[in-house]
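Okay, so chain A shows up in both of these, paired with chain B first and chain C after.
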Partner chain A sequence: MSRLFKHNRKRAAFTMIEIMVGATILAVIGGMVAHWFVMQRQYQSRILAISDAQQNIRQASWNMIQELRTARNLIYPRLNADKSIRSDTKTIFKNFAGDIVCYFHDAATGQIRRCLVPNGPGVPVVDKKPIGSGIDKVAFTAHDVGNRLIGIYLESSGTVGLESVYLLNE
Partner chain B sequence: MLTELRQPEAPRKGVAMVMVIGLVAIMMPIIFMLSRIGGSQTQLAVKYHENLVAETVAFSGSNAGLSRLQGNIRGYQDLPDETSGEDKFSLNLRPTGAGFFGQTMYFLLTRARIKTHNYIMMAEAEQFKPEPAPPVLVISRDYWNTVEPYEISLMADVLSMQNYRGMELLRLEETRTFERKSTEQQYKIEMSGKKSSLPAPLQTDWDAMVTALVSEKLSE
Partner chain C sequence: MIRRGLSLTEIIIALAIAVMVMVPVTSMFSTSGQQVQKSRNFSFAAGLARRISQHLMAMPFENIVEVPLPGLALHDSPDDVFFNPIVNFSASQSGVKKITASDMPALHDFLVQNDFKYALSVSNVSFGAGDEIKSISILITWKEAGRNMIYRTHVYVSSV
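And then the complex of A and B:
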């Protein structure tokens, strides 16, 4: 009876081995949960990064396409002398009102800026707000002899966008 | 004897108890908290993505509608619903009158809906008479981020739109007159003089631009 009582008093606490085995199993479970959590965070940030990049590309291309669609004449870039296509980080064209509009990429800030050059007396004016932000690479490509078709390649955080615009007006 | 028989079971029972206490007291609140944080953040990201997809579909739909107008479909006011990939968009063409040159003026409303995200985009479109052949000129101006349907009910709105259009046409007349009235030399001097006011990336090739502009200058 005395031995049994002594044994029961011992069971009031855990042995070191019990705690270590229990803690190890809990650590394994904890590690799995933490891994799952990190994976979730990576998934979230990947979705958000892609969404941001798509948004940047879409807004920039939309802003440019709306003006290019009604433009009159593409001045730069144009096909090379051997009729091969030519790309540049800037484009220059006459807009609907006959003035000269320039889009150019500022690599340092990742912005696409618009500059309006009056086709007549007046000083060139760069728009206060950029027409595109968060853009890593830009390529405007001349595609046709008539200077009416232009390709726009945009790259933002590894996501790319490619648009083609036909200038409607003479 | 009784103690000796029970001894092999004791460590397993102890481990089980430590695990139960650990799971209930420590792990469960942590798992619950992490899953709440992770779940809500992921939901937010997915909702943001859905919103963007809705916007993309509306954007594509708007371009598709404008392309149809360019394709010489005059008076086509009952554009059917279509799809962009798996997602539907609907088009609604509202005539708003006629412009200075007898062109028909429209508001093209494009709507895309994905789950709870509803995106409506409006574009102004002017369709000139399709003579002699398509494509027909369409001039569009968008209202970015339009999230509510916009209905034009006031004549003043139509007039302001026509006036804005008129301003651009008046400016076109000015630029064309300037080109016609200037000699090649005068035009070249005027355009070359702007080089110093241009941003640095444009200055490098500006002389070549001026050459192209002068070679295509309008003359009387």
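And then the complex of A and C:
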């Protein structure tokens, strides 16, 4: 009977102080790791955003340059009356095949769209697919009197693209 | 009393292993970030070179002149012919915007940060009176993580 109430008073265990110190150290280390992890995630997000923006600009530029380079003439924009440069979020030109084409920026969707403008009565026909996406700002700028040089300013998530196209088929 | 726990040596070894794992992971993140930024700067430089090459086509032949190294800094050349003025959404000269801290702050900061410059090396080739070609090397330079970077392209412009 006496054995039933016999306790081993020498049982090894952690004291409250030890547990608190251990918990504090763990919390500090865990906090540092979590902070590092969050910082890395933010950094990765920024890098991914830059990469996406760069890709958006590259794709939009490429699509537009291919057609503009061989275009016949630039219809809009043109230099101002005082010969200063003129910019707009859209440009209209006659392409190699003789079609009147318009590129315009849809600020609501961040897309650059291409449409064919009828040479006479009718409504413009917008292409199903955009030629550029994720673009925040666009400026098509007429640079010369001969209407052969057009500047393209593109901005996507803080990344900028500065291009110009000289029309070969004037 | 026999207390079983971790010895200091064991803790140090565990920490050392943890650090050895964490350091490559961290450097992997930063390396990929540097690659993306490098790629962005390179694409931007290629765009600048293309822009210059296209403007050269439209310039009067005699106005194509040498721009010696170290070149012109884009953030500090408001009267430069290739990049300024850059946009104008108004119907007169009063609305032109140049690459300056006041007109285009984000672009200006980016150019300052990377110190983008351009230089032109021009060689004349003459085939007789009024029949000349200018051979132009376009050099775009910038700084990236303390390193000097360069992008080079070449164009020919005819006088006729």
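The definition used in the following text is that the second predicted complex is superposed on the first by the 152 of 170 C-alpha atoms of A that agree within 3 Å, B and C clash if a C-alpha of one lies under 4 Å from a C-alpha of the other, contacts with A are read in each partner's own complex, and residues count from 1 in each chain.
Methods note: contacts are C-beta pairs under 8 Å (C-beta built on N, C-alpha and C of every residue); 3 or more make two chains touch, one makes a residue touch a chain.
A quick note: this is a predicted structure, and the numbers were derived from the prediction, not measured.
Colleague: Going by the touch definition up top, name the partner, chain B or chain C, that contacts more of chain A.
Modeller: B
Colleague: Looking at A:85, would you say it contacts chain B, chain C, both, or neither? Reply first, second, both or neither.
Modeller: second
Colleague: After lining up the shared chain so the two structures overlap, which partner does A:160 touch, if you call chain B first and chain C second: first, second, both or neither?
Modeller: After superposition on chain A, A:160 lies in contact with chain C alone.
Colleague: Touching A:31, do we find chain B (first), chain C (second), both, or neither?
Modeller: Once the two structures are laid over each other on A, A:31 reaches no partner at all.
Colleague: For A:40, using the defined touch cut-off, is the partner it touches chain B, chain C, both, or neither? Pick first, second, both or neither.
Modeller: So A:40 meets both chain B and chain C here.
Colleague: In the superposed arrangement, which partner chain does A:51 touch: chain B (first), chain C (second), both, or neither?
Modeller: After superposition on chain A, A:51 lies in contact with both partners, chain B and chain C.
Colleague: Using the superposition described at the top, list the residues of chain A that contact chain B and also contact chain C.
Modeller: Residues 36, 40, 43-44, 47, 50-51, 54, 58 of chain A touch both chain B and chain C.
Colleague: Which residues of chain A touch chain B in their complex?
Modeller: 3-4, 7, 11, 14-15, 17-19, 21-23, 25-26, 29-30, 33, 36-37, 40-41, 43-44, 47-48, 50-51, 54-55, 58-59, 62, 66, 69-70, 73, 75-76, 78, 89-90, 92, 96-100, 102, 104-106, 113, 115, 117-121, 123-124, 126, 168-169
Colleague: Touching residues of chain B toward chain A in the complex: what are they?
Modeller: 2-3, 6, 10-11, 14-15, 17-19, 22-23, 26-27, 30-31, 34, 37-38, 41-42, 44-46, 48-49, 52, 55-56, 59, 70, 135, 137-142, 144, 168-169, 171-172, 174-176, 178-179, 190-191, 194, 197-199, 201-202, 205, 208-209, 212-213, 216
Colleague: Would you pull the chain A residues touching chain C in the complex into a rising list?
Modeller: 10, 12, 36, 40, 43-44, 46-47, 50-51, 54, 57-58, 61, 80-82, 84-88, 139, 141, 143-144, 146, 148-149, 151, 153, 155, 158-166
Colleague: Along chain C, where are the residues that touch chain A in the complex?
Modeller: Its residues touching chain A are 1-4, 26, 29-30, 32-33, 36-37, 39-40, 43-44, 47-48, 50-51, 54-55, 57-58, 83, 85-89, 91-93, 95-96, 106-107, 110.
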